[in-house]
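Two complexes, one shared chain (chain A), two partners (chain B, chain C).
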Partner chain A sequence: MTLKSDTPTPSGAPDRRAGTRLSAEGLIPSGRSLFGSGGPQRFALLGILAIILVLCLVFIPEFRSWRLIASMINSQSIILLLALVATIVLRTGGFDLSISQTMVGSAALTIVLVKSGVPLAAAVPLAVLLGAAVGALNGFLVVKIGVDSFVTTLGSYSALAGFAYLVTDSSIVAGVPDELVNAVRSEVLGIPLVTWYAWILALLLWFVYQRTPLGRYMLFVGGNPDAARLAGIRVQAVRFGAYLASGILSSLVGLIFLGYFGAVDPGTGGQYMLQPLAAAFLGTTAIVIGRFNSLGTVVALYLLIVGITGLQVLGAQTWVTNVFYGLALMIAVAASKLAGRKKALR
Partner chain B sequence: MSAPGTVRVEPAAVRAPDALRVEGMVKSFGGVRALRGVDLAVRPGEVHALLGQNGCGKSTLVKILTGVHAPDEGRAEFFGEPLALPVSDPAGSGIAVVHQDIGLADSMTVLENLGATGGYGTRLLAPVQTSRQRARFGRLMDRIGFAVPLDALVSELAPAERAMVGILRAMDRLSLDEASAGRHVFILDEPTAALGREDSVRLLELMRTVARTGAAVVFISHRLNEVMAACDRLTVLRDGATVLTAEVASVDRHAIIAAMLGRELEEFFPSPPDDDAREVRLRLEGVRGEVLRDLTLTVRSREIVGVTGLAGMGQDELPQMLAGAHRVLAGAVEVDGAPVVFRDPADAIRSGIAVVPGNRLRDGCWVAASAQENVTLPVIRSLSGRLGIRGGAERRTARAALERSGLNPLEPERPMSSFSGGNQQKVVFAKWLQLRPGVLVLHEPTQGVDAGAAKELLEQVVQHATEGAAVLIVSGDHEQLVEVCHRVLVIGDGTVLADIPRAALTEQALLAASSLPMP
Partner chain C sequence: MRKTTATLVGLGVLAFALTGCTPAVSSDGGTAASAPVDAANADCVSAVTPDVEAAMEPSALVAPEAPLDLAGLAGKKIWYITNSQNQFSTEMSTGVEEAGKAAGVDVTVFDGQNSTSRYSEGINQAIAQGADGIILMAVQPAVVKEDLAAAEAAGIKVLSTLNGDPDEPVAAGTFGNLTADYTADGELMGKWALYDSGCAADVVVVQSSPVHVWDLAAKGIEAAITDSGSDSSVKVLDIDPAKIATDTTSQLQTALQVDPDVNYVLPVWDSAMPFISPAIAASGGTAKVLAHDGISASLELIASGKDQQGTVAMPPPGWIGWAAFDEVGRAITGAADPGYVIPTRLVTSDNVGDGSVGDVSPNYADYQTAFTSAWSK
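On to the complex of A and B.
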């Protein structure tokens, strides 16, 4: 054959239905699977992170302290953990907004049980059971009944927020057992365990997403469930499993949260809602472009933290965090939309 | 050169300035020359077919004429007057395109759909002037002698009526006033690709009616039969250049295909089924579904059986059922003598049935994934070890399967969305044929695929049958069924109306059998 451009036909344009739904598949411009392929733009976000970091180090003297950098990273490990958990359901084409309240609800349940004399070893499984129950309920409503995932998990988000107030009697509960605190705050190689947990989860999810059939199935379930089903994938099981895993992991993050702060404020869940989603969405613009992936999420979150910390050191107020994350979410989604549109043209 | 006699071909109108004249059009994207010199002359009152394989430059040309792209070189005339390029005001230029996907809101009425683009009124918040719109569209429909109920929901319309709404909307957008009556060029981009036979015929009639008003119609299609039946002249593009312009009456289909491909195409027919002793691989006994009432059929090893019928007679349900996606309400399905119970599509795959679905973009693939990922999806587990998916094994598997199905260029890492329709279908074929299914079911296998790629795909089907599989092709493309099938079952009213053997297999026979009165 001669050298002929393979012009895409109208039928070659990305699935139009995806754009009408507020979910993961609408954001996916194109896909490359493994590290070996894709353009340099996969590392653009990493490059921006490096540039911002260098700029901060050069122009902000306070930045040149290991303690600041360490606390910057460690203080955001809970958000990183939640952001990684968020990618699970996002990857299958849905939303799980309830993860932050599942975290707080599980933490609240654990501390209240411990306070009332239940041994920690018995309280932990109960907290995980709560997460599993939330995940199963979300999964049941979304997958079996067909309720929109955004609505379902917004509902469980609100219910769990109430649950946290109920069990704590609307007060801050402190007095976390030392073993739990140590399991989260002890340092290995100078880095607290909470940060290690986040990194380990990132690597684990990386393996699942990029290297296993399950990760591939999740991707196709999120991208085109009809085609996935006809290829023999048990779409409903994959989607239900994603909500279940999301719930269980969120409650485990709740235990880490408990050990990290040593207390539970029942009203704190709201602060953790948007930031993980922003990091997860921004993460689709890095490492594996167009797909929810764990290392991209890590890069995205660190980019956001460095940016915010820099602004705060320069004197910005705390509200800057909210503005920054909100804008980052919108920019991330807009960027992936634009990338998709560019692909569709020509 | 036998055209079904349902559509009347009229001679082109008297020689006036061409409605649309394109000369020496050149356009490059980056280093790739999409157009190398396209000439096109469309006369007023004629239906002019624009033909060529995917990637030949048709869509680029259309995009230039509608102002999406600016040409590098070339000029154009519209009814004798120079057309300023790039086209800055597509609606004012008098050229309108009706795309294959018309883009109508199903849950709204025809009038609401027309109003949505024709403009409900002058002000955003002013009350919608329904009566005035009704009158306006009524006049338009009178003019072209075609009626569509303005108050019907779009979801209730037949496909041809939907196309009609698309054309009405295009006419309305061109602000058809009496002064400019007929000074229009309509470009219909594969309007019949998704239509059944009788709807296609209606649409072709509609095209002729529009042309009769003095407008010119450019008809883009992969279906040569329709071109022969409904067009006055044709232009073939190949590799971005015009290679043939002719009166339809003066060329035969082989010349057209040769022009499209740039080479002669040998006919192929499958070797006839030699004996009846070959084992039955697929048996359906009294199968009932939503539309199918009572379907009984058998397909033997090495046999290619076609299934066709008028739209909505239930034949389209069959592939869905055999894929395990639609419930079999009653009756039995057996593969190689073993009964198959379909709970979900995995059961179908396990029993040795592979279905190439009719809706490629919805059911066949995910466009944002690479060709490789789409191909290996059903087999990815077998390509995984303890350390997860074995990258090398996946690449080799995908490459081999895609090479066999003739993906060109053979770049498995490219996203599906960057491939043409023909190449996408080759990926879908590769995905299913690598399973070496004992029963291969194809639903409209060459829909939206250019003639060259269609030929390659059908060659694979024949090859696969030769290797012992039972093949079932469910299609409304009679030309194709006659070409490759050993026999064709005609479905009507949910059951088999006729079983036409090879010896009696002609398009006319299929048409006649399809239109039998309902029992």
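On to the complex of A and C.
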């Protein structure tokens, strides 16, 4: 059996110009490449990252410090974790805007329970249960009822923001148990565990996306759900599962968030809404071009971090870093799109 | 593939085996001892010591002396429009509501949700619903200039709160500004760092300049350090207000790595603490932290000896709510504006006690009675 398939774009919509023929067998990983297809340009962003890093090392003396490099790597680990979680639903063609508030809501629930005397070991499963409930509700509304994913998750985003204010009584709640702080901030090889968790999640998602049938099914469902259905893939189950996994993982990120900051400010969820999504989209320009992928997301985020840190060390004002962030996103995604068109024409 | 996975797992196991885990939180949670006073900086220390010691004394109670025309106020409507919903604004709104209840005034609380359009909506709803007074909580009047003009035209008395220093001109459309002296508080923060370090302070200030009061405090700190004539230095991190949660830690972490000699971090608001602590911990945890506001979470941290060493504390936010209500009430009834200034107290481990209002603001334990007694004289 052969199927007409389209190459998924960052938006999840099929790119008609880049149409290729894909056999049902093609949905199963071939094992021929670690990173999938995409030509040499898939390493272009990695190359730019390396060039910027070398330039910074050469021209900015402060960069020649392991502590600064480590601090750069660590500083955006929460964003990286959320960006990786964001790729799950994005890969299936949907949006999950609620991940940042699920993170804050779970963190808020955990700390409030702990402060009220509930053991941490009991509070953690309840926080994960909250994430699962949010993911299941999002999945039910989007997959079963057919509500647009953007609208659904924007709704749960708002409701969870209110939930965080409710459980914390609109207050910053501090006093996180040391065991949770140590489980996040302790260092291994000079790198805090929070960063290791992000790297482990990136590797785990890379394995699922690139090396398992599920990863290919997600991609296929995101690119062309009708064709995927005809190919026998359980489209609804895959999409529902993506929302569920997104909710559960977001709540786990919430626990990491809690340990990292040692307190919860219920008003912070909004500031974590867009940056992870931007990193996930930028990640489609690296490693596996045109597809949401974990290693591309890691490379993209580190490119931004190195560039922004370099600017900060040089004394750039806040607006300069904002401009850098925005331009990097626009240029990288546009360049990737152009490269994709050239490839399709050949 | 199996080879790759096995190699990765092997490397991971080896790394853990060789290095072990370094705990992030020590059991003592102590901070570095104060630096010895250098002879060359003795003059600097002598100059700042009286101000710091005076600022550690409890703030005197600020309360009305003249009665309030409660009969004239009965049945009036006052709107309280917040910048956003947070611990400070919520506690202050409780104060406004309590005062309203005591004076027989109908109080409506409107959450501005950190959005200019919501502030505008709140003011226009207040106008439409026949409000007699409006209290703007940390909403910069300039961003709702036209709405304030409409309120003024409707005869509504608008009080701005927590915007700028007390001696700044009153914004158009408002009759007053209930605030603290943020510039003086910033200078006090800088002086404390000088005092505590023996005038050998390497300071990083964390602020967000679009928030006017934070900018004033940051400038006060800079002035205190640069005018001290000591070897101390100061650097200001100006964070985008829309990215405080995501950027503060990373920018501070970078600053601490670039200059490992930083021994004081001065965020100009207490709520920044969750984003300050991880950066300090990642740098080795020796820099001391002094912030501003005196929210209960920070007072708890100071009392526990963890993460934060001090704050410039305002009285309980509930008192600010009562004082704001009092000012608006007097404006509505045509009485003279008392022109309250929010007092502040330098709070450190030396005078925080258990972090309660009784210990931090002992003269404010029963401020409500001070208001109601004066009102009914």
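Heads up, the rule we're going with is that the second predicted complex is superposed on the first by the 280 of 346 C-alpha atoms of A that agree within 3 Å, B and C clash if a C-alpha of one lies under 4 Å from a C-alpha of the other, contacts with A are read in each partner's own complex, and residues count from 1 in each chain.
Convention: a contact is a pair of C-beta atoms (placed from the backbone, for glycine too) under 8 Å apart; a residue touches a chain by one contact, two chains touch by 3 or more.
Source: prediction; values computed, not measured.
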Now for A:211: first (chain B), second (chain C), both, or neither, which partner does it touch? both
Can A:174 be said to touch chain B (first), chain C (second), both, or neither? second
In the superposed arrangement, does A:227 touch chain B (first), chain C (second), both or neither? first
Touch test for A:59: chain B only (first), chain C only (second), both, or neither? neither
Quick check for you: in the superposed arrangement, does A:219 touch first (chain B), second (chain C), both or neither? first
Per the contact definition in the header, classify A:290: touching chain B only (first), chain C only (second), both, or neither. first
On the A-aligned overlay, A:182 touches which partner chain: chain B = first, chain C = second, or both, or neither? second
Indicate the residue numbers of chain A shared between its chain B interface and its chain C interface, in ascending order. 31, 34, 211
Note which residues of chain B are touching chain A in the complex, please. 29, 32-34, 54-55, 57, 59-60, 99-101, 189, 239, 323, 325, 344-346, 349-350, 355, 357, 360-370, 372-374, 377-378, 380-381, 384, 387-389, 391, 408-409, 413, 415-421, 423-424, 431, 448
The residues of chain A that touch chain B in their complex are 1-2, 4-15, 25, 28-34, 36-37, 207, 210-213, 216-217, 219-220, 223-224, 226-234, 290, 343-344, 346
Contact residues on chain C for chain A in the complex? 1, 4, 8, 15-16, 19-25, 84-87, 89-90, 114, 238-240, 242-246, 249-251, 253-258, 260, 271, 273-275, 277-278, 281-283, 295-297, 300-301, 307
Chain C partner, complex, touching residues on chain A are 31, 34, 62, 65, 67-68, 71-72, 74-76, 78-79, 165, 169-175, 178, 181-182, 184-189, 192-193, 203, 211, 260-265, 267-268, 271-272, 275, 305, 309, 312-313, 317-318, 322
